[in-house]
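Take a look at the structure set out below.
Here the chain labels run A, B and C in written order, and each chain numbers its own residues starting at 1.
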């Protein structure tokens, strides 16, 4: 029987706070982390963002980094979050030597690149950040700091990156390639992504309203989240936070940035996840939707829901109005939120929702809801048609 | 052919990387999207920026784009009516 | 779980060298440290309305992918796994420069859309109408190897899978590649590529390319080779590397005696080539040793060329002189080991078996 892959640790830093507890507190209080750019320098200061309210200096201080460090913002986030997860999982120094690290990121060290791009040629002072631009560097820095000695790799599939990282980690354990792996992702706010999304005209000047008929775009966010996954035979009685029962990855093969009307990629990814989990659709108690609040995604995703669940679409909500859309980190963050939901039998609300979409009439859960939860579906869909769905399940003794 | 229409054809060829095309290849009333020239939603966004940059017209809803940019004639009409540059 | 036997049935290479010419003794020489790939007839493989937006990396990737698939007789693979170390740099440079020069105003989306690392994988999916598993790995010089590891996993989990497309792509760009030079990753002075491995100086030369492969559990008379295993690992010292190789060979039921020929990633950087020299003088001293980066330059997914080379060596049975690092010869190699690292990081080994 498919027992699923064990989760023994989680860590997160987001606009909601710098720990799982702080994030949980905000989620249950319905308190958004959206605000306006404070540390992040941009001319578009009117656009709401899910900014982590720590400067790079403060974050580097938490990690005791020396002045000449090469930790870009996403690296700082990733190290802090992964460290929390490793701590919770009580991994020893010896454990770490064989523990893998799979991390998702879309921007890598772009925050440093955009800062120093115009000075690299004339000045030498910041050239140590040149290698930091590329995603693999971020991952290697985190792995090195945390002394993770197993297989290390980076996935960059835009907004589904960390969901794919979690999926890969689960598969590596299931096939016996690894006993332990830290999985998740990190991204920070950059001019590159903010202006990129703005040029696509899919950013909202308001706090986003996922699945609402009058939704008009997303808000970007930043942060990192990681899980520790372990094989059953190395647990030694450790507390289990939950299990990854299913996972599915499919490509929409439709358009580079827009999702197909039929939500084909989403439909296939969800279907595959259910197959791996060995669950019929009706066993899903809650969906943590991708729900970016763009006209396109929410309609496409809803269409996929109707195709899979028919008339019985389970309770669903998007938590992106809490954290903003954290791009590559979103899958990891929503994994943490899904596990918190399972542990506490609570569904976190889809903030700012008022009117259901005229095409579907579907209503997300808009207030904190107590409900016994056994299986949660979490979706992450990215540019390039990359769709990934994960199923988290309560650990049944 | 009015200057504006020629200007627009030149802009489209440059902006949208249609290097293989000559000005004469685009008819004034030819549909630019779908089966016509084959432009897509990304091109709409490119043209929206061009509208603001060259003619001072700011479009906030990309959905309007497909109608306004339906053909060179339609584009020229819209610009003539709304330009601030 | 035991690995399924995986066969490489279609291959392709776009690099600074022209196709198969190296096997005819023809080598293109350059006197520059940043070498563009040889241009291809991209129009043959990509329709104009899509082509117009594509940077060289995407064009190379799609073309190489189609060539490999055609060779293997596959219309639509069931999964597409791509590796790229630095992604679509040309569009990244373009969009970033527009942001900085225009003060975040009047920005157009095409360069942004085309800049994400998974654009190649995404475009391939669209082009081939493939809705299957699709992931992009970006682990610097282990990106291609990471993609291969995922291929192995896929076949392990789904024994009924027919074929998977896997490949690596990296492109040059004006600014970001210049930054490599400023970061002292490249030779300070321009050299002839053929002198790369005899100069005693830091840095290397760089280039771009795309290498794609169609992999299946079905063997045919088109099959080039069998993929035995891939490993990506940490190593602090060259002794670590030797130890790792031996341990891993053992895991795959091989001894060092079984290896006929090794393809090494020597890139002329005297700060890091010692990793290769140690193996050349030690573990591999009695093996036929080949190098290739003097032909292709070094870039994050260049080990794809080594993979392609191994496949070609199995098929042709003989080894072009220009690749040889030592005097040990090997006709008709049976087992080839490929080892690579870059700047002392992301060490990797790949083993292939002749068909």
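Everything that follows uses one rule, which is that a residue touches a chain if its C-beta (ideal position, glycine included) is under 8 Å from a C-beta of that chain, and two chains touch if they have at least 3 such contacts.
Predicted model, so just to flag it, every value in this text is computed and none were measured.
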item	value
Contact-richer chain pair (by C-beta pairs counted) among A-C and B-C	A-C
Greatest separation from chain A - chain, by CA centre	B
Whole-Å gap between the CA centroids of chain B and chain C	42
Centre-to-centre distance between chain C and chain A (centres being mean Cα positions), rounded to whole Å	30
Residues of chain A engaged with two or more neighbouring chains	199-200, 255-257
Multi-partner residues of chain C (each touching 2 or more other chains)	107-109, 113
Residue numbers of chain B (touch at least two other chains)	42, 45, 49
Residue ranges of chain A touching chain B (in the complex, touch as defined)	199-201, 255-258
For the chain A and chain C complex, residues of the former touching the latter	42-44, 106, 108, 113-114, 117-118, 120-121, 124, 127, 130-131, 133-137, 139-140, 149, 151-158, 164, 168, 171-172, 174-177, 191-192, 195-196, 198-200, 249-257, 264-265, 268, 382-386
In the complex with chain A, residue positions of chain C that touch it	1, 80, 85-87, 92, 95-97, 99-100, 103-105, 107-109, 112-119, 121-123, 125-126, 128-140, 142-143, 146, 149-150, 153, 156-157, 175-176, 178-180, 182-183, 232-234, 300, 345-346
Partner chain C, residues of chain B touching it in the complex	15-20, 38, 42, 45-46, 49, 52-53
In the complex, chain B residues that touch chain A	40-42, 45, 48-49, 60, 62
